[in-house]
Amino acid sequence: MVKTEIGYTTVDAITVRGLNLANDILGKFDFVDMVVLTTMGRKPSAQEKVMLNLLLVTAADHGLTPSALSARLTYLGAPEALQGAVASGLLGAGSVFLGTTQNAAQMLIDGAQGLSDASDEQAVAKAAADLVASMKAARRPVFGVGHPIHVNGDPRVPVMREISQAEGFYGIHWRLMDAIAAHLQSLGKRLPMNAVGACAAIIADMKLDPLLGRGLMLTGRCAGLVGHILEERATPIGQELWDLVLSQDPRNEVP
Amino acid sequence: MVKTEIGYTTVDAITVRGLNLANDILGKFDFVDMVVLTTMGRKPSAQEKVMLNLLLVTAADHGLTPSALSARLTYLGAPEALQGAVASGLLGAGSVFLGTTQNAAQMLIDGAQGLSDASDEQAVAKAAADLVASMKAARRPVFGVGHPIHVNGDPRVPVMREISQAEGFYGIHWRLMDAIAAHLQSLGKRLPMNAVGACAAIIADMKLDPLLGRGLMLTGRCAGLVGHILEERATPIGQELWDLVLSQDPRNEVP
Amino acid sequence: MVKTEIGYTTVDAITVRGLNLANDILGKFDFVDMVVLTTMGRKPSAQEKVMLNLLLVTAADHGLTPSALSARLTYLGAPEALQGAVASGLLGAGSVFLGTTQNAAQMLIDGAQGLSDASDEQAVAKAAADLVASMKAARRPVFGVGHPIHVNGDPRVPVMREISQAEGFYGIHWRLMDAIAAHLQSLGKRLPMNAVGACAAIIADMKLDPLLGRGLMLTGRCAGLVGHILEERATPIGQELWDLVLSQDPRNEVP
Amino acid sequence: MVKTEIGYTTVDAITVRGLNLANDILGKFDFVDMVVLTTMGRKPSAQEKVMLNLLLVTAADHGLTPSALSARLTYLGAPEALQGAVASGLLGAGSVFLGTTQNAAQMLIDGAQGLSDASDEQAVAKAAADLVASMKAARRPVFGVGHPIHVNGDPRVPVMREISQAEGFYGIHWRLMDAIAAHLQSLGKRLPMNAVGACAAIIADMKLDPLLGRGLMLTGRCAGLVGHILEERATPIGQELWDLVLSQDPRNEVP
């Protein structure tokens, strides 16, 4: 049957997950409450809210990432359609950037299948080594490690680990992710854990669906992209960026 | 120069609006704080946070709206790319649905140009009548009024008005929007204020940029769409929806 | 270096793949010539042009497919941005619909690796059986077979096979695709070859890149979606479609 | 009623605009025939085919335009979803680049309303001057003129004019567009006609719907973007482009 359990509408009321939107939700739910209500049909705990805010904040953009650039270049051609610029920026959230949180969380969940005791450091280390070996055998990248700029370690990771510990979400998947990074270091690879790895560990230790993990990254980034477009309208760089690119090829004549 | 004031990155630190992301922001800013930091470079007041949460919660989807349907139909063909399904759903946030919050806020800001005293009910009523007349003359729709289902009034509007009053954001634009709806009623038109009108009044009375208004709608809806896709994966309706559509034309043979 | 071999621009001329756009291309290249020039840097043979036209024509939409529905629902909200409606429709071209041509072509190329003699029917039949078995073992679907409506066989396939034979592109991949369908029939499965299978066989036998295969599907569909939006503007069905969906859930009150 | 006149499907046949897809269309219609069948329900004349090919070829990308850059940056993050990269590139086809063909064609159609005799040069010149004046009064840009690089004139325009004349499509809208450029020159503005102006004149003189004009631009560009992505996969520049951008702000530390 073509219907949704998320909500329905009558002449006088909108019902979302069994609650009356006007009377029970507006002014009483903040955005993170609503994210959890919409996606899971319940309210988050205080600890979960801290973590969900952390994930959304981490995903909001900083600097001129490919998604911010794509959004700005799209806005340059279609300033009348903000939704197109934002959509353009979100479309890069795939298996390599941002969306990779989903892949990394799934990797951790699969890799931790056989682990029952989070405090068994040896078992966790073995699972990490097995996971790295199996990814290598399948010629697939290990998710959640390495960063082109933060080569000595991603500055976000220690803070995210501390918050996870404080809120009770430093579980088997965080330990596995830590063990993966340690194992790679022992192999002589300069691939410290990055923010994607930390986000993925949090999602897995919160028992969230990895698909929701990617969804949270999209939601957080959405806000970041809006910030970039507001700046682009006020002090545009899109045209200069285009000229800069053209100027790299001496065959082009740039104004 | 091709640069952004939003942030920059060094080997050891990420700076967002002059703050150190790891030390000053993570765990200390919630998502709404981050939205305001990213887009306006400051922290919101407690009252602003209530209102921003209200806007984001209102924008999150309920029921099978066109954007939810578009996202689900896209997911049906490309389940490996959540970002595409979400982008597809956001792309409908234009001048008719959702994105229209921007248009409505701009309409209110323009319409309130000459008004200095919010308590001058007569002046507000005249501005409302002028605005309706000028939109009609330009053959453009009045934004923020009318609803196909909530024909007796949108149930969200009274609650949103109360919250705006409680938080100190019931100003000249809210009054103008109320006066527009009253004027349309006096003309015998069944066009009560809808949630878009309320969102637009809030944005204008908060002195937010109308473009940010559309951006907040996109951000809130992003979360709602993720909820729809999670349900679509668990209990799919996309294929049934397709069959339902085909069955409307008796020339089609549907399985 | 940030540059492209596709083209560059001076004050007086635009160069595309070494040709002067104004003097050498405009009026002398038709669209299919340009597709080949842009993607492969050469001109197509007469036989290739027949096949590329066939692929583009096949990909153009017919009827209310999910991509046409998604485009129409997006247009309903944002009629000022045709590009958003078209993008929305294209985003469903993933691993399940339309884009699956790429996956199917790759499957055929991989499956035909060890085959050297296209006329060795036994070897082809064995490769087909091996491929079906390995897909089953990996719990992955066999691409290019089965259709929800054309349960007795996709009417496009015989015509596409004939044209491929006439133009000299009925090679090892077409034979492998035919053998896969035959093998599935011998297993008692009602999964005849569909248009995706035929498109994939053509792409593989033309030695085109499977990624270009998906690209051709997107290009052809783009035109089909434009047709749907033109009709949607003239005789809209988007709102009725929305009402139809809402009416499926008796809890909704629909106008 | 939720149905389309474009086509329908039975167990044994697909019907498009009243024709049997397998028997009447495949192998008999080339892509441009199919574009016209899908969008207008008829076959194009030989002259129309020349012009439609010209429009599609002109729209295919050359060099690193914003749409090509956006597509490449999106592909960098989500190489598994070509459709997302292409959609990202198309989303910039708005009122400033590419999609502006629609706006320009509408401008010419509106501006030529009162003109009955194409050979009345004085009347055309007056209409051009009126149009420029009214756009200025409305603070809207004149579409179809000016180019950041081709400051002495767009090299595509003379060739497109000649082809239009040869095929019988140099009518009132072409003359008006030429007169607009001449009028701007007489005002001392360095704004010669650009390719968008020529495309718009062609669309208007072919009596095509301006919306279809934008649709043809999207379809042609779609092929160009596929070419860019094929090159990006073979010889990637996305990461270098990102580094190049970051290096513009000395506060960033780039690898």
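Labels A, B, C and D are assigned to the chains in the order they are written; within every chain, residues are numbered from 1.
Here, a contact is a pair of C-beta atoms (placed from the backbone, for glycine too) under 8 Å apart; a residue touches a chain by one contact, two chains touch by 3 or more.
Keep in mind the model is a prediction, meaning the values are calculated, not measured.
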Between A-D and B-D, the pair with more C-beta contacts: A-D
Copies chain A and chain B touch via same or different residues, half shared test: same
Most distant chain from chain D by Cα centroid: A
Centre-to-centre distance between chain D and chain B (centres being mean Cα positions), rounded to whole Å: 31
Averaged-CA centre spacing for the pair chain B and chain A, given as whole angstrom: 23
Separation of mean Cα positions, chain D and chain A [Å, integer]: 36
Touching two or more other chains - residues of chain D: 1-4, 8-11, 15, 63-64, 78, 80-81, 83-84, 87-88, 91-94, 99, 149, 151, 241, 244-246, 248-249, 252-253
For the chain D and chain A complex, residues of the former touching the latter: 63-67, 69-70, 73-81, 84-85, 87-88, 91-99, 148-149, 151, 238-239, 241-242, 244-246, 248-249, 252-255
Residue ranges of chain B touching chain A (in the complex, touch as defined): 1-16, 21-23, 25-27, 29-35, 38-39, 50, 52-54, 56-58, 60-64, 68, 81-84, 86-88, 90-94, 99, 102, 149-152, 155-156, 158-160, 162-163, 209, 211-212, 214-216, 218-220, 222-224, 226-231, 233, 235, 237, 240-241, 244
Contacting residues of chain D [partner chain B, same complex]: 1-4, 8-11, 15, 78, 80-81, 83-84, 87, 91, 245-246, 248-249, 251-253
